[in-house]
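Report on the structure given below.
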Amino acid sequence: MNATTRQAYDGVVITTPVTVPYVRYSKESAHWWIASALGEALRQAGIRSRELDGFSVSSFTLAPDTAVGLVQHLGLTPRWLDHIPMGGASGVAALRRAARAVQAGDVDVVACVAGDANHVDSFRRMLSSFSRFAQDASYPYGSGGPNACFALLTDHYMRKFNATREDFGRICVAQRANALSFPHAIMKKPLSLEEYMAARPISDPIALFDCVMPVAGAEAFLVMREESARAANLPAARILATIERHNAFPDDPIQMRGGWAMDVDELYAMAALSPAEVDFVETYDDYPVICMMQFEDLGFCAKGEAPEFVRSHTLDTHGSFPHNTSGGQLSAGQAGAAGGYLGLVEGVRQVTGHALGAQVEDARTGLVSGFGMINFDRGLCSSAAIIARS
Amino acid sequence: MSLDNVTSAAGQASLSGLMMAMATGDVEVVDLTHTLDPDFPVIILPPEFGQCARFRMEEISAYDGRGPAWKWHNISCCEHTGTHFDAPIHWVSGRDLPNNAVDTIPVERLIAPVCVIDCSAGAAANDDYELSVDDILAWELKHERIPSGCWVLMRTDWSKRRGAEYLNMRDDGAHSPGPNPAAVRLLVERDILGFGTETVGTDAGQGFHFAPPNPAHFYFHGAGKYGLQCLSNVDQLPPTGAVLIAPPLKIKQGTGSPLRVMAMIPGRCATPAAAS
Amino acid sequence: MTLPLQPPPKKDPQKRTRVPVRPPAQRSRTGTYLCAFAAEGRFALQVCEACGATQYPPREACAVCLSMALTWRDVPAAGMVLADTIVRTSTVVYFRERTPWRIGTVQLSCGPSVMCHLHGDCEVGQPVRVINRLDKSGHGVLMALPQTDTAHMEDDELLRELTCDPKFRRVLITNGRSAAGQALAQALSDAGAAIVFVGEAESWRPYPGQDALRQIPNVEVLPMDVTDTDSLTELAGEIGGKVDILINTARFVRPGGAMDREDIIFARDEMEVNYLGLMRLAQSFGPAMRARGADGVNSATAWVNILSVYAFSNLPEFGSFAASNAAALSLSQCLRAEMRPGGVRVMNVFTGPTEDDWHQPLPPPKVVPSALARGVVAALRDGLEDVYLGDVAKDLIERWRASPKVLERELTEVEDM
C-alpha cells in the first residue's frame, strides 16, 4: 500500500443507470445507440442536453468519429470531455475520471455512455483492425477474434490449476439463471450444465456457451455531486474505492492474473472493507476463465482456487455469492464497449434497490470489475470499484 | 526430248519463247519494289493498338572475328513492312475463307495479268483522291472490261514522295489516295485477283471514315482477294497487258509478307515489235 | 502422429475449382520485417542493443528499457508449448475453410511468448523448435515443430500451407537441354513428383543427356521454346492446368559487357530468353497456376526462377548477361505480386557462376548441377522465396546488404586497357 493515502470519493455519486435494450443485429449506427442512452439518462435526471457540461464515451464502432465528433452530432457543449478506449474496463475507468473531475469542481454532471452498433459485418471488421499487435501477431494465426486467445488462456489455466469444463459451466449456468428475470437479456432460455457441456466447440476448450454474443446496444450513468442527486430526487450510489492497472505482469509468459492483483489491497483498504463484506460481485465475463481470475485476484480466494470456490458457492442472485446478477454479458449479450458498463450499471441498480430483475437482498455494497482489450495475447486493461448504497 | 507423254509441248514452247524474249529485250522486267531499309515508313495505328514493326538489320558477322569468311545479318520486321502482300486472313472479313494465308494461297495465283488505272493527275491535285466507279468505267471504256483473275493497280505516283510527305500525317490522321466503297465493290464484282497501291495501304489514308471503314481491306479480303502496298515504278507499266509476279514468303498462317514484286512488260527498246 | 499424405484422386471435372483466399495480409512496417527473414527461412526477432532483451511482437522501442536501438537478429528457435487450442470456426474465410486449425502459446527460450501455428506432433508441455515461414499472403508467420523430426512430418496440413513440397505434385522444368535442367528433373522425380514435364526447344538439335533425360521415371519431354510465344501457348493449352510447380531453367549466357561486344545480337538473345522468356511463361502458364493455388493436395504452389546472383550487382565479364538477369529479377518481383492472390510462391534461386562451358575460365567455387537441384528441392520443401545457393551467392548477398556501392566497386575491378 502506498505511503500516500488515496483520496476518498466524498461528495460524488453515481445516478441514473440506463440500458438501451440490446438487439442482435441493428442497422443503426453507434451514434444512434449512444444518443438513445444519453437522451434517456438526461430525461430521467431532468437535464437538458444543452446544459450538460461533462461527457465521457466509449465505443468500438464510432469511427471515423471520436467523442469530439459526437458533441457536435448531439448538440452538446461540455467543458469536460473524455473518450475511453479501454473496452471492458471502460465503465470503471470512466467513473474514476468523472468522479475526480466533479469532486474538483471542474464539471457539474458527467454523462458516461458506452454504445456500439452491430451490423452483420461489424464484428469481423472490428477484429481485423483491432490493434497493431493483433494485426501482426494474432490475427494471422486464425483466431479471427479473441476466442482463440482466451481458449489458450483457458487451456493453460485448466492444465495448471486442474479446472474442469464443468467448473466453468457452473458460472455460465448460474448467470443464465440470473438473466431469466432480467428484461433486457438477449438469452431467454435456461441453460443446464448438460447443455453447456454438449455445446458446439468454438476453439477447444472453449465452446458456444463460453462466448458472449456480440449485439448492438448501449449503457449509461451520470456522475454528479451528492447534493445535486438529492435535489433531483435521483437514487444514487456512493463510491468507496476504485483501482485501475494496465499491462500488469508483462513478464508472465501467458496470462494467469490481471492487474487487480497488483492493487487489490489498496482497493479494500480504501473501502475499509474485507472481501467477505461485499454483498455481490459483477465481474467482467467475456469468458468464464476470466471470472475465475477475478475471483482470485480480487481477494475472494487464492490463485488457482477459483474452481474450488465455484464448486463450494452458489452464484445466482439469491445464492451464497451473488455474481453477475443480470446475467452478465454471457447471457445479456456484449454490446461492444457497453459490455464494460454493464456490470457497473447493474451494480448501481442493485445498491440503490432498483434491480430490473432479481434483487440481491439488502445489497449495501457491491464490487464491480472491468477487464478488456486483448491487444494480442492477454487483456491489458483492468479496473475495479466498490460502490455502496447512499 | 520429252520426259514423259503428258508434258505439254505448247507449254514448253511458251516458256522457251519467254526466255528468248527476255534475252532479246522483247520482254522487260520492271521492279515494283522499294528497297527494304530501316527508314522506310510503316503504317501507324492509334497508340492503344499493336504497331507494325519497322525493318531492322543486325550484322551477325562481316568477315571478322564473329565469322571470318562470311557476312550475314539477322533481320526483323512486321509482315506488313515495306513493299508487302496482304492475304485474306489479314482482315476479319476474310478470316474463315479457305486458303486465305500466305502459305496456303495456291502458288499459280501469284503470277497473273495486271491492269493499271492512272490516277496520278487526280492524286497530284488532291491528297485524298478517291478511285471511283466512274474512273473504273472510263478506264474500261478506253481499254477493256477488267478481266477476272487479274491484279488492278491504282497508279498515283505516290512512290515518288519522300519523307513525311509519304505517310502525309496531319492532326486527323494520314491523307493519301485510295478507292471508295463503290469502286471496291465494283472491282469485287469484276472478280479481280487483288488490288495494289503505291501508298502504305490499299485503303485511302482517311479510309476509316468510309462506310464500311477501310472498304478495300473489308471487301477485298472478305471476297478472298489479295492486296499489294508500297509499290513503286507503277508508272512504267502499260495500262494493260503486263504480267505481275508477286509471291509472298511462305510463312505458316502468315497474314502477309514483304516481297519482291515485279512485272513483265513488252520491251520498250527503239526497235518496234516485230509483226506477229 | 502425422498421417502420411495420400496421392490425390483425379480431379472431378464437374466440380468448381476452389478459389484461393488468403490469410490476413495487413502488417505494420516493422511487422513486415518477419517476411524478409521468412523468405530465407530464418528465425529472427528484434534484440535490444542496450539491455539484450528479445522482443515480440515486432515494435519500435524495447519493452524492458525503452531503448530505440532494436536490431533484427537470428535468435534461438527453441521453445516450450504452454497452451494449445483447436480453432473450430473463424471470421477469416481462409481459416474457416481449413478448420480444425491448431494454434498454441509457445514460450521461446530467448524470452518472449508467441502465438503460433502448431504442428500436429507438438504437445503442450513439450519442447519445440519454432520456424518462421511465409504464409499464403507472403508474410512471415511462426510455427512450432516437434524438437526432433517425426515420421511424415512434412505432410502436416498446417505445415503444407507454408511449404511448396513437390510430393505428388506435377512439375514443369522449362529447359531440359542444360545439365542443370536434367539434374533438376532427376531431383524432382526423386522427391516424389507425380510427373516432371521437361521442355525441350529445337529437338532437331541434339544435346548431351537427351536420351538419359527420357529414362528418368515420371519424366515427360515436351516441345517448348521460351522464345516462341506460339510454342508456349500451345503447351499451356495442353498441360497448363496440370502445372503445380514451374521451374524456369531457360537461360542464354555469353561472356561480354557493354563496350567489348561488337554488336547487340547476343544481348538481344539474352533479353529474349532471360527476360522476355520469363514474361512469355508468365503470360502462358501464370493465370492457370494462380487460379489453382487452393486446388487440393496437388495445388499450384511455386514458380521458381534460376537467376544469376549478379542480377544484384554487375560482373563485367558477363556484364550483359548480368543485366538481363537484373531485368528478370525486377520482373520476378512483379510476378510475385501478381501471383500472390493465388497463394503461389515465386521463388528466386540465385547462384554465382555455374559449372558449365561458358563459365569454364572462371575460378572455383562454382555451382554444380546436382547442388543446384538439391538446393531447389530443399527450398521448395521449406517454401522459401529468396535462396542464395553456393558460396559465391551467399558471400555476394552479404556484401550487397552491407553496402551495394562497395560491392559494385569490388566486382567491377577490371584490367587496365
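Order of writing sets the labels: A, B and C. Residues in every chain begin at 1.
Throughout what follows, contacts are C-beta pairs under 8 Å (C-beta built on N, C-alpha and C of every residue); 3 or more make two chains touch, one makes a residue touch a chain.
This one's a predicted model, so the numbers in the text were calculated from it and none came from an experiment.
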By C-beta contact count, B-C versus A-C, the higher one is A-C
Greatest centre-to-centre gap (Cα means) from chain C is with chain B
Between the Cα centroids of chain A and chain B the separation in whole angstrom comes to 89
Whole-Å distance, C-alpha centre of chain A to that of chain C, is 49
Rounded to the nearest Å, the gap separating the Cα centres of chain B and chain C is 54
Within the complex, chain A is touched by chain C residues 23-24, 26-28, 30-31, 56-58, 63, 82-92, 94-96, 98, 101, 103-105, 107, 113-117, 124-125, 135, 137, 139, 141
Interface with chain C, chain A side, in the complex: residues 123-124, 127-129, 132-133, 135-145, 147-149, 151-156, 159, 200-206, 250, 253-254, 376-377
Within the complex, chain B is touched by chain C residues 262-265, 268
Residue positions on chain B within touch of chain C in the complex are 58-60, 64-66, 74
